[in-house]
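Here chain A shows up in two complexes: once beside chain B, once beside chain C.
The block that comes next holds the complex of A and B.
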């Protein structure tokens, strides 16, 4: 099977980044600034209180900083490397995805895997520094750490499929910039990047349960800081897995539909 | 059959929305869109033998690219059938992909941010080409296309000529028996064009690849193709060898003769017209559909008149193709 031999496609993003040192410097600077500001903000917010929204200062700071680091796992950059669906649609080069013995769906997944592994390297490095500096707390137990990793993996799979939906939209609309802006805002707001979801009103959290975003970050981060107890983990993991299956089936259906559209949009 | 292309009554239509002019028209199109059917390719049939280079020609919008996209499996025909190396391309895209290579003009399949050699390595893995075979083939391509001087450069920093040479190599790295080239030399300088032509000749003559080439460059057609298929308005206009087409449509020659006696009464031979006469200088041209070839006309003029000087002007291939478009209406088949 071509997919077994095509692992090199997963190297596209990391290699491209390594060949562009200014981009790596920008990522580093942004990450440092974000972590420092977010940690300062949440420490400041807890100046006059010890517990808010059921979270202690340490829990809130750890959640917020980990959210910043985890958001590095998959960069929402649609224009780097000229190898995104929107750019291939724009330049008419999407046809080449259909001229290889590796389906576009598998190629897209391999590329995303490479991107996420590359992002994970940044996140892990940031995590190690933050842990050593005492900015974030370590997991309370090995079991919590294990469940967190599993939940984070499922969350990344959910996020991959959400991003894939946006990419697939390009087969019908060519551009997806407006949808991308909405998605980035929704993803950051409803997954807990802007603020832990526990600080939002009950109706908002109820609404979030019907959307996939909270499954991407809020669930694993809440498990890490102990805001979701380990005893509730199986249900949360099952919900995340449910989102993965649902989104996978839907995106698979869209890949088949997109194959019929490729010519009219791809030139 | 490995390397052959068979096309039978291939047609492709697109449903489009008619865009009305002006603001009101745009609003009407939005509220009540008018749908129209565009026949991009209609009932086209032809074969390409293994190891043959066929030029698929036609004006812009004639249906060349649509035909190529059906043969590469990107597009499913509305009706008709095509087989490329024994595979129906649009029914089995992945199997077809192993049999074909393709270059679409200036659209690159290389990875923009990576050095060219990384792109080649990714394609090698995708096509499961053994390392040793990959290295040998790369060396062969480098010998003709001189890739090694820039294959460690990132694609975004290559010139157009360098990039297209790399794209050609990338399309052939998995040793496909059939190659589709959609205007591969567009925008390139003459030196690189010649390099690419030499590469293609080598691939056809030495490697036995079947090549289907579309181009607007008639020099390229003359240097590379023995046979051409002309399409216009989505229909096949003619299919024949360059000689056949020249015989049929290349009748825009002129024979310029200097007569020994300026007062000779000139009555041209049958099928030949007197175009101009100024003193002893006379110019003959073809007269009607049964006009002789330029060489027959030359012989007839020399036999009939006493001449002190004679020269011929033959139409180039571009003129021939223009004549072919004009004379052979849509739907005419065969040269």
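The block that comes next holds the complex of A and C.
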């Protein structure tokens, strides 16, 4: 029965997407155009040079294209379904999360899991096409591929907890859109979505090591393209796992505190 | 005149309402600034690592993000509520606007005060000042006038693109998804010489999604690269005019879409 409940909760947002063909078409077109543009840009930049910031042309293109594909993992439109935490807080419907035979923390995690699995299907299909077309390089060895998958999973867990922190903030603030935009910006900038972190100044990369964002994308992608050697992988994986544990404990604490702040309308 | 008075009063009230939540207000100013800083960071990273991008001097390249960002800041301040209008449509707000004695477009623009525009414009002005101070060009009255006209043209072109998406949102609310992508594309690909891209891709960003007319062509004309853009010089120089024409066309599209709008209740 628990599995059935989990399945039902996890498939909510993906089902919403599957019932909106225009949105799926838009996702497909956007993904194709974005990959072509990003690959063209990095190929164009490397026209007069072979290595920049310790990265070859192939490494940079592969990193940038994989970053585009990975950003698809968490991009579903919960707002259209009126199921974001800020909307529930605004409309007072957050109280229903506390009346169901499923804890809010678990419901939130299951929803995110469903979204990420759905997003992963898109990313995987995109990766297969890019690999077949020669846009991205294959991993250098089976070991690299294995470490990359493990690192990507840990990165997604870190990302989930970062996004969860944003949602939890809604319990304490009436508005959180600005904070959310700032955090999303920080996440994109410091994880390597805008440009591979290796192109940034040294002080910026040092700063990034103290924050969880680079663990979400930069570490797995750098492992994949070989910018982080396999011998350094255990340390990087340990740091990612450390962030997961730390953020998990903190968000669990916040769930408990958040529950005390929920009151149904009318007291 | 009366319409201007009403718009001004509503704007003042909107501004005061934004001040209700002071922290949110300051954060919104910050987000405008931070968003623009991200564009600068991206452009700076590329400029530092790949000098002589597209055959342009780095001080000339800087004029592209400065022009684009200032035009974007003006768009956010004056016409920016077209971005993200899908939410109003989904919530049925447009149906309410249709009942009031004021054009719907104006009501949409007066929906709220764009606090983030303060941050946008502050950073953009700073970058433009930096770009002009590093420029080796002779900034005579003609060049300055052309730059100002280009900024207005860039603002109108960006407004035209978002108005076109907003018009589509009136029929397909999920079309709003495109506006987020559009903003991302403008930020990422509108800030450096497009001649580093393959011709087909550059052609797409000129004739398919005309973001080259926002800043790249105006900066090319100003810095003497106008003949190397891949389009006739006169077309690159006419960028502001294209902005005006595109905006007028988008307003016609908006009017047509609004006339064919059917709300949830039919």
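FYI, the second predicted complex is superposed on the first by the 253 of 267 C-alpha atoms of A that agree within 3 Å, B and C clash if a C-alpha of one lies under 4 Å from a C-alpha of the other, contacts with A are read in each partner's own complex, and residues count from 1 in each chain.
Here, contacts are C-beta pairs under 8 Å (C-beta built on N, C-alpha and C of every residue); 3 or more make two chains touch, one makes a residue touch a chain.
All values reported here derive from a predicted model rather than from experimental measurement.
Once the two complexes are overlaid on the shared chain, A:44 sits against chain C while remaining clear of chain B. Using the contact criterion defined above for the overlaid structures, shared-chain residue A:20 touches chain B and also reaches chain C. By the touch criterion stated above, A:200 is placed in contact with chain C alone, chain B being left untouched. When the two complexes are overlaid on their common chain A, residue A:185 makes contact with chain C while staying clear of chain B. With both structures placed on the common chain, the touch criterion links A:92 to chain B but leaves chain C unconnected.
In the superposition on chain A, A:53 makes contact with chain C only, not with chain B. The contact surfaces that chain B and chain C form on chain A in the two complexes overlap at residues 20, 80.
Those residues of chain A lying in contact with chain C across their complex are 20, 22-23, 26-27, 30, 34, 36-37, 40-41, 43-49, 52-53, 77, 79-80, 173-175, 177-179, 181-182, 185, 188-189, 194-195, 199-200. Those residues of chain A lying in contact with chain B across their complex are 2, 5-9, 11-12, 15-16, 19-20, 80-83, 91-93, 95-96, 98-103, 107, 260, 262-264, 266-267. The part of chain B that touches chain A in the complex is made up of residues 14, 69, 72-76, 93-95, 97-98, 100, 102, 104, 107-109, 111-115, 118, 121-123, 125-128, 154, 156. Touching chain A in their complex are the following residues of chain C: 21, 23-24, 27-28, 30-31, 34-35, 38, 41-42, 45-46, 49-50, 52-53, 87, 90, 116, 172-175, 177-178, 181, 185, 188-189, 196-198, 201.
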